[in-house]
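The structures come next, written out as structure tokens.
Each of the next two complexes has subunit A plus one more chain, namely subunit B in the first and subunit C in the second.
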Partner chain A sequence: MIERTPVLNALTHVILVTGLLLLLFPVWIAFVAATHDMTAVNTAPVELWPGDQFLVNLEQAWAISDMGTKFTNTVIVAVGVVVGKIAVACITAFSLVFFNYRGRMLVFWLVFITLMLPLEVRIVPTYAVAANALSPFQAMLDATGLTALIATLSGVQVNLEWNLLNSYTGLILPLVATATGTFLYRQFFLTIPDELVEAAKMDGAGPIRFLIDVLIPLSRTNIAALATIMFVYAWNQYLWPLLIITDRANYGMVAVELGTLVPDQFTTGGGTPTWHLAMAGTLIVMVPPIVVVVLMQRWFVRGLINTDK
Partner chain B sequence: MRRAYFKANWIAALLVAPQLLIIFVFFYWPASQALYWSLTLEQPWGGGNTWVGFENFRTLLSDAYYWNSVRVSFVFAIASTALAMSMALVLALFADRQLRGYKFFRVGMIWPYAIAAPAVGLAFRFVFNPHAGILSYINEVLPGFWDPTVNGTQAVIMVVVAGAWKSIAYNFIFFLAALQSIPRSLIEASAMDGAGPMRRMRDLQLPLIAPTFFFILVINITDSFTDSFGIVDVLTGGGPARATDLLVYKIYADGFRGFDYSGAAAQSVILMVLVMALTFVQFRYIERRVHYT
Partner chain C sequence: MADISIRNVAKSYGKDSIMQGVNLEIRNREFVVILGPSGCGKSTLLRMIAGLEAITAGEIAIAGQVVNDLEPRQRGCAMVFQNYALYPHMTVAENIGYALKVAGVGRAERRAAVERVAQSVGLNEFLDRRPGQLSGGQRQRVAMARAIIREPRVFLFDEPLSNLDAKLRVQMRHEIRRIHNRIEATSVFVTHDQHEGMTLADRLVVMNKGTIEQVGTPEEIYDHPASVYVGGFIGSPAMNFLPGQVSAARAAVVLGDGQVLDLPRDVATAADGQLVQVGLRPEQLTIVAPGTAELQARVDFVEELGSGRLYHLLVEDLPLTVLSPDKHALRDGDAVGVTVRPDALHLFGAESGRRIDARGARVAAPQVVPA
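This part shows the complex of A and B:
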């Protein structure tokens, strides 16, 4: 810094190290528990140093939760959500910034207001929609009398149905809408100079060509930032998969699987709690997003701050 | 504003269509359904809806369990926000001095952001476990002193600590970014005027990051109302005796375990209004931040 302050520097280090230790502590305890056998973990003084059962526990936790399938599912969903969100955010922002049409502000506000409607506050009716994703349209047809009209005219009873429960589509599609991603892209597109657009037009490029050949290559850092945040977001999904996936053996996701590892009377039947396995499972689930965040740190921080969430 | 635009507005319409379709089906329709259900008495999955006006809200607001849930949610929101923000602020202020090991510390504070809420819940469930966790030491000396599965206050403490731990990283990132956007010349000028590092923190850096502070405050409170489901579900399941029955958890429990759709919808509507009010405050402020800098 500017002046010599040895005492304060020492204090700074003490504070930072203490903070770091406090943050690491619960994970360390979980890690240590995952390295001991059941008896050691459940005897009263908590273990503070690792034992030698780590690989055994990891293997067992992996096997009882069938983590292989869950990892595959979670990767599929995470990739789907990341790609979907980036694509949707990109084209929406592109339309909002590079075209001039009435209703532009309306679209902007419609997207914006979704920020105020997180999944948790509309969970019950959203579940009903997932049971039949076309129900909104059916309801509108019914309400306007079109169903009856079509039935009398053609004799066909309109009955739209698209069940999203227990499917990848159901896991991915509702999460693809993104207000924050759209704003991030919009902010970036607003910095593109008019001259670039004019030059592209003069060279005979249409809007799609301009998007693919000019804007997308320019927005690579944007994509990296969004992808990191959205990957963590998708990997850690809990409430939504908990509700719409009842067929956990085939469509289960890792975070939901943790709920079944909780050692209480349901899972152990009153026997000794299997904390060593629960903690091994916790570690398995938390590692991939941590690796992504640490490796992609720079883009991740930038994306988080630019989206203001 | 932009001068150069593309024509061909049908392309523009096509490009916004996917997002608009998704938000209509999964955001606006369910939100309006919640409003509709909250004003009717519904039989699960079809059957008749009877219009009951504000009856559901009246029932809800005279329900002691609901008020308990409101109280617990506010306690959780205030306590976890205060804990997470104060820790993150102190860490960011000192990390910003950029002494040796700065980059290492920065990564060290950021990674908890990546951990899933249920993973945090499960880890803390073990850490605070009365028989095998860290506080089992106290239970050796004073048997039965610490048991969050029985003692409601201790369960709340546990949820608050876990919730705060999870959001420290997020707050830290924002505080550090705000601190680093303060022009270095300002810091140097005040150092020349004889202000030591602590004085500069108090009289220069803290006032300058006030807008960020306020922004983070609103985000934290909003998140603790909506984003706390995973932690509570795995850590306490809302218990013991509804001691940690947060608003989101109660909506889930009433809607999907109790099959009380109208009651859950009424609760959703109230929570929606709360979140909207908080978001409104947040963006009023962002408007002002533009003028501030």
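This part shows the complex of A and C:
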């Protein structure tokens, strides 16, 4: 729409800027808090302008919470989730859109239902599975009486066990098993004209060739969008790592680690809260997602609005 | 060698039968055009030859080999689609060479083949562009080059020209015919544009509602339409139809209003008493002074065409159009006479819609292949 409406333009800009300020203000306060020493932070009224303790605080926060290890862990998990998610989503959607088989709708609805059951909702059963990833199979064997049968026949008591607690696998897998990406891909694949599929068939390309040579290159922007979303999602994970990681020193993730910096009676022993360190830690943890979003932004937006022209 | 035999082929989607008992023999290196209105099953037939659509019943053989159960890539067909269907993320060169890449042809050899084919359709300068940066005509050429490079036995075209403007369409039509003459392939071309069909075809196949109405050279189909449907579909402006009854005694057909058109005696005898539709092509009628010809009519209105005029007449209340290069000074409502050349009179059974000739039987019925 091209219209000359100066008043409306001005008004929309005012609304936009107000919204921006409202959003940025807390971040600004966090930044300011991270630049003062403990006394200044804990004195009323709240400081609105930066002090000179920024680097000192950053260093201290980094050291206290052993951020080096935590960063490595979180990057491993986030990248694992991104790669796993893209692979699973792409292949599932490929199968759902381009193949005609019995039970296709059933698969579709199963995937769809997982959309309504995010990890937080099914966290207890998910924990049970993570504690022994083979327990569903064990349950099946028990229920069908196979365990008993094998025990009587061979004398071996079948006892499947695969513990995922305190491992990268345990952190990554449940985050990969969600439907968001599958839907993004499905919507994109549905926009691929039939004639393109048929042209590839006439050119002699089988399904795998078609996937690799045509679909994946065409869905570059979708991959970028999904990668960005999943990276930020995995980076910010709190509840799941909190639950399954007891070995914090080796497998801790950054969002959980921030908790150790936030003042409470355990960390500060009831003394003066170390808000300046907590805020410095927060700023450090915020950096990677921001970098990813900024770098991917151009692709990301194109992928979501789906106009690769 | 790639003749195509289509034997008793039928197609249905679930319970909807959209094609029944289609038989067609296409000879090696022939250019066959399948012509018919929208929805008559032209594309479906073509896609069954290509292997993109399953064949419900009957069989299709290419070069003597039944291909019903072969994958598209095993059939040796290449196809040009209506919307080009180019790979948007590949350059023109990659688009053209993709089939060879899939077939495992080496890079250097592929490049040479792409350049040779691109040269032949005038695409050299565009090899590094993406399809999005090409005009419609250029995209069409890429689609063609992509088909040519595989040196197919059979070339399939599904309305490849319908997205082009009129001038480009004629140009590409010539180019397609030239390509067909140059390469050793059998071509099957689907269109609903009769000019395209008439000009391109060695043989025309006229389809209607999932069946073949008539197969023949464009000339045969124009001169001896096998049915009311074909007569009305081929030719522009469309054939006129007047109802009447054959009288052997008068060696003529008597029209509804009592006017009489002479018939060859043998035809009149064979079809004595039958109710018929008389088909008259507008361009084979001549306007003369009233009373001097066998058919009397009134002028309804006249359309100027530049090269001539299209006279819309009324015979009793039935419309009759006459196309003539002569510019008669006629006003609406004037009485005129119309002469009918005996060879320009087509008789069709009123009930059956099939052509009636000297034997009183159907002629040029679809070729039937013994099963």
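Here is the rule we use: the second predicted complex is superposed on the first by the 279 of 309 C-alpha atoms of A that agree within 3 Å, B and C clash if a C-alpha of one lies under 4 Å from a C-alpha of the other, contacts with A are read in each partner's own complex, and residues count from 1 in each chain.
The working rule: a residue touches a chain if its C-beta (ideal position, glycine included) is under 8 Å from a C-beta of that chain, and two chains touch if they have at least 3 such contacts.
The structure presented is a predicted model; accordingly, all values stated were derived computationally and were not measured.
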Would subunit B and subunit C fit next to each other on subunit A once aligned, or clash? fit
Touching A:Leu16 in the superposition: subunit B (first), subunit C (second), both, neither? first
For A:Ile64, select first, second, both or neither according to whether it touches subunit B, subunit C, the two together, or no partner. neither
Which of subunit B and subunit C A:Val56 touches, first, second, both or neither: neither
Contact-wise, after the overlay, does A:Leu110 reach subunit B, subunit C, both or neither (first, second, both, neither)? first
Between the C-alpha centres of subunit B and subunit C, what angle is subtended at subunit A's, in steps of 10°? 90
For A:Leu165, using the defined touch cut-off, is the partner it touches subunit B, subunit C, both, or neither? Pick first, second, both or neither. neither
With both complexes superposed on chain A, which partner does A:Pro289 reach: first (subunit B), second (subunit C), both or neither? first
Could you look at A:Phe98 and tell me whether it touches subunit B, subunit C, both or neither (first, second, both, neither)? first
With both structures superposed, pick whichever of subunit B and subunit C touches the larger number of subunit A residues. B
Touch test for A:Val214: subunit B only (first), subunit C only (second), both, or neither? second
Quick check: superposed on A, how many Å separate the nearest Cα atoms of subunit B and subunit C? 6
Which residues of subunit A are in contact with subunit B in one complex and with subunit C in the other? 198, 201, 308-309
Subunit A - residues contacting subunit C, complex: 193, 195-196, 198-205, 209, 213-214, 217-218, 308-309
Subunit B to subunit A touching residues, read off their complex: 2-6, 8-9, 11-13, 15-16, 18-20, 22-31, 33-34, 37, 45, 87, 90-91, 94-95, 97-99, 101, 105, 107-127, 129, 131-134, 136-137, 139-140, 165, 168-170, 173-174, 177, 187-188, 191, 196-198, 215, 219, 226-227, 229-230, 233-234, 248, 251-252, 255-256, 261, 264-265, 268, 271-272, 275-276, 279, 286
Given the complex with subunit B, which residues does subunit A contribute to the contact? 1-3, 5, 8-9, 12-13, 15-16, 19-20, 22-27, 29-30, 33, 41-46, 88-89, 91-92, 94-101, 107, 110-111, 114-118, 120-129, 133, 136, 173-174, 176-177, 182, 190, 194, 197-198, 201, 206-208, 210, 232, 235-236, 238-239, 242-243, 254-256, 258-259, 261-262, 273, 275, 278-279, 281-282, 285-286, 289-290, 292-294, 297, 300-301, 304-305, 308-309
Interface with subunit A, subunit C side, in the complex: residues 50-52, 71-73, 77-79, 81-83, 85-89, 98-99, 102-103, 132, 146, 150
